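Note sheet for the following structure.
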């Protein structure tokens, strides 16, 4: 992975379409299948309340996933995104009571900056992204533990400023869900209609060609990591809103589900293929899987095994082998 | 291909004038840093902590450091073989967890009637090797990037461990297994000798076997290795098996030391391990380094951890330090390879 | 035996869109040095790759020591006693010389996966002594200077003889490209020595060298062997005529469409440009509608210069002026925004973005043409893309087709469309624009170059062949070892001869 | 840090299946929500007339069933349910806050009146859970974790009480036991927990109080071992090296670290010679205490999980039944500390066996019997 090489053999051209179709269609199919399976076991699953619970617990994961997706589209990875989310909740809890809305803005800026930093190191020091973000993971979790004195900080005053995200419901679903969907659609439109919208995909598919066509690949890569940080910050806001507090390890557990969501959604780990809406579908697959495992009476202990296997399987399926010469 | 070769050696200059100059100076610089840096850093740390706390240099603390290095060293040696190939193994914590429970549940314990004694340890290692094999096959056959394959396998390992764990840490009652953690041979814990043995074996493998030698070749220039007809997949898979086995052994060592099998027994080890390897001077780009360097790296990490505790720094600060160190080490060693058109993901 | 060691009988090899080898007959006899020359794309490298088991012929026979052989992999070739010395070095820096020499052929030195260093080093030493080199088998390879590494490469190639009882065939592919002076002499001495213990195939751009070391010379052109000569009975000039001579010249290159550029304003000016180890003191100017051809052998610095002008590689000294304004060329994007376009030789890696659609590729360089204030206007995008697909006669199923599914020629046209569709384009750098294209596609490219001139673009051309350079250019600048050695005016009718260029090149 | 943070302490199926099953049954039928109380800004509800028994669901929400502490907790709940002739639902979240919340929410969706006795995963979860329950007109008693600045009386009368255990007492009691064993002389090292919840700070405060009373004892060093056994081992090992023979005892903020220290002492050949104390009364610790002559594990502290699972549930139940008038209850009843027991080899046997309903009936009838005063 460290230095995947662009080799454009011709045989890929024949295989590509069919694989593409599978990758695009499969997630939705799987989702439907899962929903049916679960609702057979547990009819109430299709009831408004459990659906609401599903959607609302999926929202923060979806946000994180969309963030990582930006990086994965460029062919990289961001392992620090969940830790950044946790750090975000801590910063919120520290700043909001005194600074109010300003605190929220500061937190979003700080976390986005942390993301950008990942990008800078990756782009300018030319260090593989998984190394950079692995390091960042350690760094920021340490910082979060330090800032919070390794303790959970309740958001007393001013919680109302973000409380509405998960507290206020329209049509029975919390604002956070609409926010997530809205952003997803927004990003999708951006990719489609912004003049440079395709840059992410171009870099993921053929970085040299993009570079030699005048795409500012470094800048795009940095921005991708920035976006990852930004969405982590949003996820942090949503989590803090529903948890009424910030904790240095609050979101750490969401890394695997988020990455799984992106890959399961059909975004290739090799980059260049995929999008936010697919990622949201991927998140739902993971979410239903989780609920489903309980409904089907699967021991929660197996959750990790399932995540691990799902990730590997999804990667194996979406991976575009024709585009990677030497895999590391 | 081009970038990969850049990773392996200074690109041949295009014009005659430069042709006879040795490897470009900046490379020489980074190579010097690779070889001389770690030992110097280690000595510096020892001096600093020695000055900060008189007890640091005491015999008992030295033994403590040795004991605390043992598990890390074993892990790092295995990891070195994978990183030499330019890959990475993020599954060590999961493998350790599974292994520790396998050992705890097969040796005499307070959960079931098993009593396989030292065979349990072998089983732990075998379990680790199996993980390595699967990761290796996923990586080589399905072309899944190693960090992804091992990330997944790590989760699977944690999961299996959680199932075996079933809510309560099984305690190891087997005297033989426990004695590893409790006995003292000439003042040192048996685990220390295990680690030294693994180090020697690791060095022999690296120096005298195909797995070891081809590690440098494949990591140095996979394309050339392929042209030379070397069965790359086999040796890559073997490297992962080695890494898995050492992780398995490490799990067994931890179990014998704490007297329990536990899901979180490997907590934080992945970081420490990777840091130890890269700090020792093995390039994450692959092709450069070795277990002898890793030994230094592991000592650096252990001394750092031990010293920080002596000085009274919260353990989680080490996490931040290690995180930063990894990135800096990689950036510094790869600095001279940067070009405008190089693509790094 | 005295029959040929290796013999190509009517060997053909076809790649998508191009016939790389066309019914080739070549034979290599014992204890002789065979020279092989030809321009890029003449088929040399394909021939060598078949000989070394990387490619297999579509038709015809490869006969090794009397029996027809199918060399499926480099290992098979090595087993058949054929050793390659690759153009770009194929040594691992971090392992010992001995390991490199016997890489993948450790054989007796490794039992059950365990190395017997003593044995390995002895065998390596034997190879090294054959070319009586002073290098020790235990040396760390990356500590050697390039010339020494070249020797190790030789020893490595020689090692194939161990695999069979017969004398090996050693193929030297551009071995001199990174050597000079004394190193060169040592190499020639080695080749002399090799003649006693092996057969040698010597491939080089430097004709004087070929003439000097070879006993026989094959000249290749357009995938065919066009001549076989005795070095004593031929001179460089004739070899070149054989190599590049083409009767079609005139109309083939649309010379009649070449426009007069005297008095046209300078578009791009290069002043005293230099980068250590690549090129130095380069002065250039290209006027609107002018084609300036850069001639020179590989490594002469022309490629490096063209990439530097596009910001893909840095330069240390000098400056580049566009319409008199100094350019900052920190990255390709700087160049593109200034109105410089670049058609790379590595078309499929740097030219088109594989996996993106034809449409996305065409608008990749200058989205400004299809958007207002950063927002795409679908209608305009459709119209622009359609226009250029039509103008350049790009054959594609739809605008949404993955560009990877296009033929080489059409991919090249997409690359051209990417630049030509941008209204801000002032300068177009063409690096081997016709490499690997079939004749039809080549002619198209020539036409577009002329058209581009008519639009007043300034064009810097690194052509695949010398006659291409001469025919397409208004002016030709010749590079050698990173410096400009000659300048020729190439107005229609008053074109310089290939020989003139060649003399300046070597 | 681990990439697999959420993985630890995953448990058995039974309870989950059961919970789901019941949730299912509940979502089927439904009754009107109890009417709201105007004077309650937080929008919670209180029941002025008792809720009919058949509309009630008794719920214990805990981490899992196969960790002994919470298993006992559930057993206590079972005893109470039995005493009022009802079924109890046990929700297990496997240490996953999101899951804990969503499980409770889907149970609330059933429309019945929920009587919830919950051990929130972290203090951050408490408020979300409480608001969910009170908004649905349920009754909730929280234990252990809640933000310090959040009080039941500020939120709703349906948040009947918050029960916690004064860590200072536990920390103090074990410290005293330790110091007595040491004869009031010598040096000790202290293993701190992650300060993630109040108890860690309190327990250490307790230690400090004991230190004041025993001037002969010197606190050589205090380090966090992150509640973790392995860290406990390494920290102890290092501190032993640092202070050598000066270490006369080890004070650990929980049994996990204490047991880690025990191993480190064994490894250092000091097994049984240097006394160790911890808190939580995990079975391993209890066994170690049983055999304290050899292990040196002097004492641990139990909060009596059976009582936590039963009596607290009883409290919420009484509130729902109107037997306990929350609105007029004093703060000392809304937030109070339960009684803890110092476990030494003299009384360890009592804690190794399950109590009968008779043993606990009195506490069910008067949950406040074990109150040791208001929190704070």
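Which chain is which? They are A, B, C and D, in the order written, and residues in each are numbered from 1.
One rule holds for everything that comes next: a contact is a pair of C-beta atoms (placed from the backbone, for glycine too) under 8 Å apart; a residue touches a chain by one contact, two chains touch by 3 or more.
Treat the numbers as computed from the prediction; the structure is a model and nothing was measured.
Q: Considering only chains that satisfy the touch condition with chain A, which of them also satisfy it with chain D?
A: B
Q: Sort the other chains by how far their Cα centres are from that of chain C and give me the top one.
A: D
Q: Quick one: name the chains whose C-beta contact count is the highest of any pair.
A: A-B
Q: Taking each chain's centre as its mean C-alpha position, how far apart are chain A and chain B in Å?
A: Between these chains, centre-to-centre, one finds 29 Å.
Q: List the centre-to-centre spacing of chain B and chain C in whole Å, with centres computed as mean CA coordinates.
A: 43
Q: Between chain C and chain D, what distance separates the C-alpha centroids? Give it in angstrom.
A: Centres of chain C and chain D (C-alpha means) sit 75 Å apart.
Q: What residues in chain D touch two or more of the other chains?
A: Residue numbers touching two or more other chains: 1, 3-4, 7, 10-12, 224, 226.
Q: Would you give the residues of chain A that are in contact with at least 2 other chains, written as numbers and ranges?
A: 6, 137-138, 141, 150, 208, 211-212, 256, 299, 301, 303-304
Q: Would you give the residues of chain B that are in contact with at least 2 other chains, written as numbers and ranges?
A: Within chain B, the residues that touch at least two other chains are 151, 154-155, 158-159, 162-163, 165-166, 271, 314, 316, 319, 341.
Q: Can you work out from the touch definition every pair of chains that touches here?
A: A-B, A-C, A-D, B-C, B-D
Q: Write out the stretch or stretches of chain D touching chain A in their complex.
A: So the residues of chain D in touch with chain A come to 1, 3-7, 10-13, 16-17, 20, 23-24, 27-28, 94, 96-98, 101-102, 105-106, 109, 122-125, 127-128, 147-150, 194-197, 224, 226.
Q: Mind pulling up the chain B residues that touch chain A in the complex?
A: 1-4, 7, 85-88, 138-139, 142-149, 151-160, 162-163, 165-166, 222-223, 271, 274, 284-286, 314, 316-327, 330-331, 334-335, 337-338, 341-345
Q: Show me the residue ranges of chain A that touch chain B in the complex, using the header's touch definition.
A: 1-7, 74-77, 121-122, 125-132, 134-143, 145-146, 150, 207-208, 211-212, 217, 256, 259, 269, 271, 299, 301-309, 311-312, 315-316, 319, 321, 324-328
Q: Name, in rising order, each residue of chain B that touches chain C in their complex.
A: On the chain B side, the touching residues are 5, 8-9, 12-23, 207-211, 213, 216-217, 220-221, 224-225, 227-230, 287-288, 339-341.
Q: Which residues of chain C touch chain B in the complex?
A: Those in contact with chain B are residues 54, 73-75, 78, 88-95, 99, 103-106, 110, 113-115, 117, 142-143, 145-147, 178-181, 183, 276-278, 299, 301, 304, 311-314, 331-332, 481-482.
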